[in-house]
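Each of the two complexes below includes chain A, the first together with chain B, the second together with chain C.
Showing the complex of A and B:
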């Protein structure tokens, strides 16, 4: 598919997500709001990054040294939309929801997609290693909270959201653990020739994570 | 380090901190309930002069309370949980307020947000259950839908279905001061003595 077609597809998906019935359906449940709609919006930004890669202004590519400003923008953006008050406002006020619909693709997904390739492998590992436990911790907080954190969601929805976040954290943690230790896909390490002296398979060299973590620079 | 890195980094950090500070009211609240509490304490809110009717069928308006403080709660008469507890607490506040003799009298007002089920009969039954007698403790409902919407909006009450035919709402006891402004949010789990005390304290200008 050519680039214009891809951009059109992203815009179309964005508009469909904005359609009122779908918006209300996805935002009617806390877990769906947090783990379906929000990631989809970030995903659209990632796709946008893939589509415009190489076409970004030269000064921006240069100023985004090692992807640091970009990834910090991502950290702020995701932190903002993890505030229970922000979720409430997005449900209550269509204008606030519009801010969410613009900021998640453009200020989270897009910089993530553009900066990720500029980040050193250890920097990427740092982000993963921070993000995954944080997700689980927030899930645990939702389960432990005796009161409702959002005025628009029931306590049982809050608990479901908590469990969903924990399940996602465990799944991502497992995948990332395998990727970090064995390589991804897992056959990667097994495909190496066995070492002659011990017969054991050598792991990948320290800190040089296998693809997709290896730097493309 | 490359050219433009530091300015871009400074821009991102400044904008990020500003956005988080704005949404958390200076890193003090993370929930909408906390934000409402803080906002009301900072700036007591004027309230719309909504027409209501009480359990005896008498019409009155919120503005009629001007000059004396009133404790307000929001209810629906079929509510099995929080409203019942609040009803009991309000009953005790009523006893305390009327028994004290000296000091300002506190009025109580329970407002129903369920116009479909809560007609005058239902309000009357609810009032009888908790010993509420008008005008000192009115069990009331807004006279029309726009009045209800205005009340919920100005008090910041969010009502959502509980999935079992009932409702869930952000519960609080609302203290409306002698100027007719929403002045404080009180903890509905606080002991009735404390509610009465806080109401009396707030009624002294």
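Showing the complex of A and C:
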């Protein structure tokens, strides 16, 4: 699919999601609102990032050092739309809902798509490692809440949302672990040390470290 | 650009970082040991510390020792695993910084805020202090643990990144194919890599669950009506705590694999049994934690049965290959014993011996009598004090400059003899049903406490000698190096 086709697809999907019957259906249940509609809107932003990556201004790429500013924007954006009050307002007020429909693709999905590739592997792993337990903890808090957190959702819907977040956290954690355990072709397999490579020499005169790993060996 | 070039550009010397770790570990270890000695002296009624302060000290000692044991293990692990995979010195340093911030928060929560809910911070106790501490003090403790957790998470993720770049997957780095005979043993990972992989797998999972329950507890502190399921919270806390403290051993045991061969002049033999042991222990460590909840009648029966059965198996695979491997490595090797070799050998022995009372306590029938007695601190001090910490002290002595050995044997014997007296006092008191975690003891319990206090004092002096010897050697060797 070429770029224009992709942009048309994004615009079409965005409009379909905005159509009142679908919007009402997706926002009618707290769990569906949080775990279907919100990720779909973020997904549109990710697709948009793929389309405009080639035209990204150089200064923006330079300013987004290691992808950190972009990912911070993503964290703030997603955190805001996890607040029960924000969800309530989106259901109650179409204008507020429109802000959600614009902010999630443009301030969450788009920067996520652009900044994620710039982020080093350690940073990406750290983001995953924070995101997964955060989902679980929020799910736990929804279950622990003594009252309704959203005026527009019932207590049982809130509990369903809590369990859904916990299940997603467990599923993501399991998939993340399986991916790391099974892995992929290593970058430096030829440099693997032998299995009986033990017994580093003690270090005169002071704390002489054994030689570090070198990929060329 | 090579890894070395990146490290050089960052300007952080790996040698300085390891030195900083060893110094921090040595000093914090001593401070926490003094806290432990103060508690034993109080129970022995040789000094007078009020119960509220006793429980603050107990909380600081528990959390501090778990944390510093983790840091000791991380030092050993990083020092050796960096030979085999690319790691980032900056992240290693960041872990130390996070640890120090966390430690200051925890010490402040106790000695300024009065927080004394034990390291277990069992939900919802932190929010129900009976006016002994404020919500802010409890929050400082939680944030302290979170800071330490973030540091360790970064460290493990960085090592995982390095391991994945060389081995492709954590399974390959753990030696799964070798464990099941699907690949030649000679192509398996070195012991340091297998052990680091195991430690990072279990610790990342433990830290993530621990972080989740800490956040929930923080919310509960300020909005008590958010009442999370207490049994679920206890499960999460003990999963995190069990995994973290076990990982300290699995990180520190690398010292046995790496240091003993230096003095025996024999490489550590890895084979199918070795890799199978590490694979099995990875699984067992993750599923055995219910043995901490054998007194919780609300736990599902299957979970308690699992806790008991896996307790009998959990530590054994790696322990057996390590203890047997240490014996075969030493046997007829012509080893010239010194303090470093002696300490890592004692570490393997302390771990092996400590597991026996632990297995007994992991049995439901035994646990129902022994759970709240000093049997429990008896067994975990055996494999932590005479296991993990002995391995770390062996590492510390191994990297100490050779010039000053006069005091090392004295420190060694004070530590080993004192440590043995100390843990035996706990175990015999436990067998006599002396309760644990009591600030005030009955007269009939005092003999155990007094013998234990003497043992603890000997340990403190022994460790002080080894740490001071290291510090003196380092400071006196530094000018020589600068001039060289």
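In this section, the second predicted complex is superposed on the first by the 183 of 217 C-alpha atoms of A that agree within 3 Å, B and C clash if a C-alpha of one lies under 4 Å from a C-alpha of the other, contacts with A are read in each partner's own complex, and residues count from 1 in each chain.
What we mean here is this: contacts are C-beta pairs under 8 Å (C-beta built on N, C-alpha and C of every residue); 3 or more make two chains touch, one makes a residue touch a chain.
The structure displayed is predicted, hence computed values, not measured ones.
**Student:** Where does A:121 make contact in the superposed view: on chain B (first), on chain C (second), on both, or on neither?
**Tutor:** After superposition on chain A, A:121 lies in contact with chain C alone.
**Student:** Tell me which partner touches more residues of chain A in the superposed arrangement, chain B or chain C.
**Tutor:** Greater contact footprint in residues on chain A: C.
**Student:** Contacts for A:102 in the overlay, against chain B (first) and chain C (second): which applies, first, second, both or neither?
**Tutor:** Neither partner.
**Student:** For A:73, using the defined touch cut-off, is the partner it touches chain B, chain C, both, or neither? Pick first, second, both or neither.
**Tutor:** A:73: touches chain B, not chain C.
**Student:** Could you say whether A:173 touches chain B, chain C, both of them, or neither, answering first, second, both or neither?
**Tutor:** A:173 sits against chain C, while chain B stays out of touch.
**Student:** Applying the touch criterion given at the start, work out whether A:133 contacts chain B, chain C, both or neither, answering first, second, both or neither.
**Tutor:** second
**Student:** Quick check: in the complex, which residue numbers of chain A touch chain B?
**Tutor:** 59-60, 62-65, 68-69, 72-73, 75-77, 79-80, 83-86, 88-89, 92, 148-154
**Student:** Taking the complex as given, what residues does chain C use to touch chain A?
**Tutor:** That would be residues 2-4, 7, 14-15, 18-19, 79-80, 82-88, 91, 153-154, 157-158, 160-162, 164-172, 175, 178, 185-193, 201, 204-205, 208-209, 211-213, 215-216, 219-220, 225-229, 232, 257-259, 261-262, 265-270, 340, 398-399, 401-403, 473-474, 477-478, 480-481, 484 of chain C.
**Student:** Taking the complex as given, what residues does chain B use to touch chain A?
**Tutor:** 1-5, 7-9, 11-13, 15-17, 19-20, 23-24, 29-35, 158, 160, 162-163, 168, 170
**Student:** Would you pull the chain A residues touching chain C in the complex into a rising list?
**Tutor:** Where chain A meets chain C, its residues are 121-122, 125-126, 129, 132-134, 136-137, 140-141, 143-147, 173, 177, 180-189, 191-216.
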